[in-house]
Amino acid sequence: MTLTARARSWLIGSAAILVSAVVFLVPFAFILLTAAKDARQAAQLDFSWPSSFHFVPNLIEVLQARDYMLIIAYINSTILTVSSVAIMVVLAAMVAFVLQRRASRWNGLINFLVLSGLIIPPAVVPTIWVLDGLGLFGTMPGLIAIEVAFGLSFCVLLFRAFIATIPRELDEAAVIDGAGPLRLFFQVIFPLLRSVIITAVVVQSVTVFNDFVNPLYFLPGSNNATVQTTIYNFSGQFATQYHLLFMDILLVTVPPLIMFLFFNRRIVAGMTAGAIKG
Amino acid sequence: MRLKIALAAFTAAALALSGCSAGSLGSSDDDGSGVTLSFMVDNSDTNSKMAEGLAKEFNAKNPGIVVKVETRPQGTEGDNLVKTRLSTGDMTDVFQYNSGSLMQALAPTKNLVAVDDQPWAGKLDENFKTSVTSEQKLFGAPFGTYNAGAILYNREVYQKNGLRVPTTWDEFMANNAKLKAAGVAPVIQSYGETWTSQLFVLGDFHNVTAAQPDFAEKYTANQAKYATTPAALAGFEHLQEVHAAGYTNKDFASAKLNDAVEQLAKGTGAHYPILSGIISQLLGTFPEEKDTIGLFPIPGDDAAKNGLTVWAPAGAYIPASTTGEKLDAARKFLAFIASPEGCAAQANATVINGPFAVQGCTLPDDVPQVVKDMQTYIDKPGASSLALEFLSPVKGPALEQICVEVGSGIRKAPDGAKLYDEDVKKQAQQLGLPGWS
Amino acid sequence: MSVLLETRDGTARDTGSPPARVRSPYPHWFYLPAAIVYGVLFLIPTFASFYFSLTRWTLFESHFIGLDNFVQFFQEPALVKGFVNTLIYGVVTSGAKVVLGLLLAVLLTSRIVARGYLRSVVFFPVLVSTIGVGLTFTVLMNPEQGLINQTLATVGIEGPGWLTDPSYALLSVALVDVWKGVGLATLIYIAGIVSIPQEYFEAARVDGAGAWANFRHLILPLARPATVTVIILSLIGGLRSFDLIWAMTRGGPGFTSDVIASVIYKQYQAGFYGLSTAGNVVLFVVVTAIVLPLSRFLNRKEVEL
C-alpha cells in the first residue's frame, strides 16, 4: 500500500466515522441523554449534557408507572419470545428435514406454501375470527401460535439450506443402527443444526421481541401488554414527559443491544444466509 | 428414552410458559368477609380519581362491601376491551363507560341490568336519562359531570384587548382579527392529538339543531346530510375559514393538548375550541388561572339562537354477569353514585368540570369560571342541546382526520363534509340501521 | 430472507432419495405439526379473506354485499390515497436502500480504518424496535423544537414540518425507514461483494482498471444477486409497512400519509371488518402482483461479464 493510498484510507475512514456518528449515533445518544435529564430540561428536546443526572429516579418512575406495567410487559414479551421461537424452531426443522431429504409429490406444494408465507401479508380480521373460534383470541397461547405460524417460512428456508450440507450417509448409518425417524431427527440431525439454530433463534427472537403489529391485533388489552405495545401506549401518556418517554425507549432498546453485543456475527450470518448464494 | 423425557419436559415447559401471561403484579388481598365489587373505569386522570374517591367514601359507609377500582385504556382500545369482556361474560361487577351512542352499541338490553326500578331513577336529569336509555329502559347512574364542547377563552386577553364575548360567527371572526393584530394567536388548534380537531363541527350542534330542529332524526334516517344542510356544513366551513385567515397558532399541526392548554393559560393564544373537561388538566398545571379561563358556545349565524352543545356524563353500569349478593351490592353502589353524597365524593376527589346530572347535587362555591359560564347556558331554557352523538347512533370514525384536513387547508369544507357523509354511511350500514342499505 | 435463493434454485435438487422403502426414515407426519399451525392460522384466514372481503361483517354474522367494499375502496379518496402512498413508499424505500446500501457496502469492503465499527454502527438500527425508532424520530423531527430543525436553524435554514406538512410526511417516514433498514441492505451487499473471487480484481488491476471501472464492470454486475435480494426484500417490507408509519404519523396529517396497511388497521378499529378485509385482499394483490413478476424478471437475466 502506498503512502497516498494509506492517507486516503485514513481520510475516507475519518469522514465515514464522522458522518456515521452524526447519522447513526446521535439519535441513540439523544435517547440516552434525554433519559437521564430531569423533566424540565428534557422538555426542551435539545441535544445537551444533562445538568443533573436523574437516570435512576426516571428509571424507577417508568417501572412503577401504571402499576408496574412495564415489568408485566417484559414478563409477557419474554414468555412470548421464548415459547414461540422454541416451538417455531423445532417445527421448522422437522419440515425442513423431510422436505430436503425426501422427494415426493408434496414438495412442490410445500415449497410454494413456504414462499407464500414470506410474501403474503396475513389477513388480519379473518385471523382474529379463526382465533376467536378456537377460543384463543386475546390470549398468550394464541399470540404464540400466530408468531409460530408467521415465522415458520423463514426458519424452514434457513434450515433446509443447511440440512443440504449434512451428508446423507449419517442418516443411513443411524437407520442401520435401528434408529426410528424420531431418534434420527432429534438425536442425529437436530444436534448437527446447532449453529444454524442459534442463528434462527437470535434472528427470530429479535423479530418477535420487536413485533408490534401482531400483539396490537391479536393480544389487545392492557393486562396483556407486550413491551412494544406498552411503549406505544406510554407515548400517549407521557406525551410531554420526555424524560420518561425516552427512558422507556431506552429500555426497549436494551435487549436487542445485548443480543447484538453477544451475537453480532451470528446475526449477520443469519440475515444474509441463503440470500447470496448466486 | 432420554430423548422422550427431554421432549416431554420441553413440551410441558412450553405449555406452562404459554398458559400463563403475567396479568398483574401485586397481590389481591381478599380478607374473605363481605362482598368485593370490582369497578372498571378508564384510566384518564379525572375519571380514575373520581372512581377512587367514590370507592373510598362508599367503603367507609358500607362495611360489608369493598369496591376495588380497576382501570382500562381510553379510546378505541378501551371500547374493544369493554365489548369483548361483556360478550364473554367476564366483565367487572360495575363499570364506567360513555353514555349515548357508544353505550347503545353495547347492546344494553342483552348485556346490562336495567335500573328503572331503583329509587334514584326519578332524580336524574332528563338529558342524562335520554342518553342511558335503550328501548324504554334505563341502564346507568351518572358518573362525572356534564361537559360542553365550546370555546375556552382567556379572559385577561379579552380584557386587555377590549373584546366582548361574541354571539355570532362574524363577531367571533372580528375578535380574531383584532387579536391577530395584537400579536396573539386567535385560535389554538392541536392536531398533534387528532381528536381535538373535531370541536368546531361537533360543538356546533346546538346551532344546527336550532336552525333545523329535526336534523338528528333525519340524519339517523339517512334523510339529512352534512354536505347538503347549510347549518351542518357551517362547522366545516368555520374550520376552513379560521385556517385560511391564518388565525391558528403557528404550531397547530404538531401541538398536543398539553401545548394548547399551556398557550391558552399563558395567553399566547386566546380561543381554544375543546371539551370543557380539559379545564381540570389546565388547572392541574396552572392552578392560578382558575378565574382567567372562561367559556362561550361556538357562535353561529343567529345571535338570538346561540347556545351550548353539551356532552352527558358517562354512566356507571351493572353487566348482566353480576348476580346474587354482588348484584345487591352493585345496586347499592349505583345508588350511592347517584346521590348527593356520591356527587360530593367525586367533587372532593378532583376539580369539577361541570354540573352534575343528579337533582340535589350542588356545585362547590369555588368552581372554576368555565363551570360558572356553562351553568348560565344550561340554566337558561333552550340555550343548550345534547351533542349529536347522544341523539343518534351514527357517528363516523374518520371525522377527526377529516377535520384535520379541512383545518389544515388540505381539503375544502364541502369536500370534507361530503367525505364525512360517506364515512357515516359505512357506520350506519355496519350497524344495520334502517334506510341506509 | 432467502426468497431469492429459493426461487433461483427452487427446483428440488434432491433426486437421491432411495426408491420406495417400506418405512421411510423421513415420514410425512413430520410436516403435520407445522402444517396444522400454518394451515389454521395462515392459510384458512387467507382463503377466508376472499370471502369476507365481499361481506359486511361483524365477526358474528356476515352479510354478502358483493364487490361493494372494493368499490368503496377505490371510490373514497382517503382509501385511494392509501393505495397510491403504498406504491410510493415501497418504491422510494427500496430504491434508496439499493443505492445507499451498495455505496455503503463498497465503502465498507474497501480498506478503510474502523471498518468493523462502521459495519456495526450501520447495522445496529436494524435490530432496534421500530416503535422506539419511530417515537424518537417523531421528537427529532418536531417542526418547532426538534433537533433536526434546530440544527438547520443554526445554519440559517428553516426546516420544513417533516411530519406535519402534507407534502413531506410520507417521505419523512420513508427516510426513517431507510435509516433503519439500510444496514440490512448494506450487509447483503457486503456478503455479495466479498463472495466475488479476488482473481477478478487482480485481473482488473493488471488491466489497469481504476476504482470506477472496478465498480462499473465488476462489482455492479457480480453483485446483481444481492441487488435482486435487496429490491425484493425491501419491496415486500415497504409495501406491507405499518408500524413505523403508525408510530410516527398515524397516517396523518389527515389521510396524507396513510398506506394500505394503516387503512386496514383503521377500518378494523372502526369495526368495519369486511372493508378492512377487503383492504387485506387489495394488499395481497398489490404485493404478489409486483413482487412475483419482478423477482421472476430479475432472476431470469443472466449475469453478464
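The first chain written gets the first letter, and so on, giving A, B and C; residue counts start at 1 in each chain.
Please note the rule applied: contacts are C-beta pairs under 8 Å (C-beta built on N, C-alpha and C of every residue); 3 or more make two chains touch, one makes a residue touch a chain.
This one's a predicted model, so the numbers in the text were calculated from it and none came from an experiment.
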>> Going by the touch criterion at the top, tell me which pair is linked by more C-beta contacts: A-C or A-B.
In response: A-C
> Comparing centres built from CA atoms, which chain ends up most distant from subunit A?
Replying inline: B
> Hey, how far is the Cα centre of subunit A from the one of subunit B, in Å?
Replying inline: 39
>> Could you work out how far the Cα centre of subunit A sits from that of subunit C, in whole Å?
In response: 16
> Going by the touch rule set out above, which residues of subunit C reach two or more other chains?
Replying inline: 142
> Got the subunit B residues that touch at least 2 other chains?
Replying inline: 80
> Where on subunit B does subunit C make contact in their complex?
Replying inline: 76, 80, 191, 194, 250-251, 253-254, 397-398, 401-402, 404-405, 408, 410-411, 419, 422, 426-427, 429-430
>> For the complex, give me every residue of subunit C touching subunit B.
In response: 56, 58, 72, 76-78, 142-144, 161, 163-166, 250-256, 266, 269-272, 275
>> Could you list, by residue number, the parts of subunit B that touch subunit A in their complex?
In response: 3, 7, 10, 14, 17-26, 43, 71-73, 77, 80-81, 84, 193, 256-259
>> With touch defined as at the start, can you tell me which subunit A residues reach subunit C in the complex?
In response: 1, 5, 9-10, 12-14, 16-17, 20-21, 23-27, 30-31, 44-47, 91-92, 94-95, 97-104, 106-108, 110-111, 113-115, 117-132, 134, 145-146, 148-150, 152, 154, 156-158, 161, 164, 168, 171, 174-175, 179-181, 184-185, 206, 209-210, 212-213, 216-217, 227-228, 231-232, 235, 242, 245-246, 249, 252-253, 256-257, 259-260, 264, 267-268, 270-278
>> Taking the touch rule as given, give the residues of subunit A at its contact with subunit B in the complex, in rising order.
In response: 66-68, 71-72, 75-76, 79, 82-83, 86-87, 90, 138-141, 144, 182-183, 186-187, 220-224, 233, 239-240
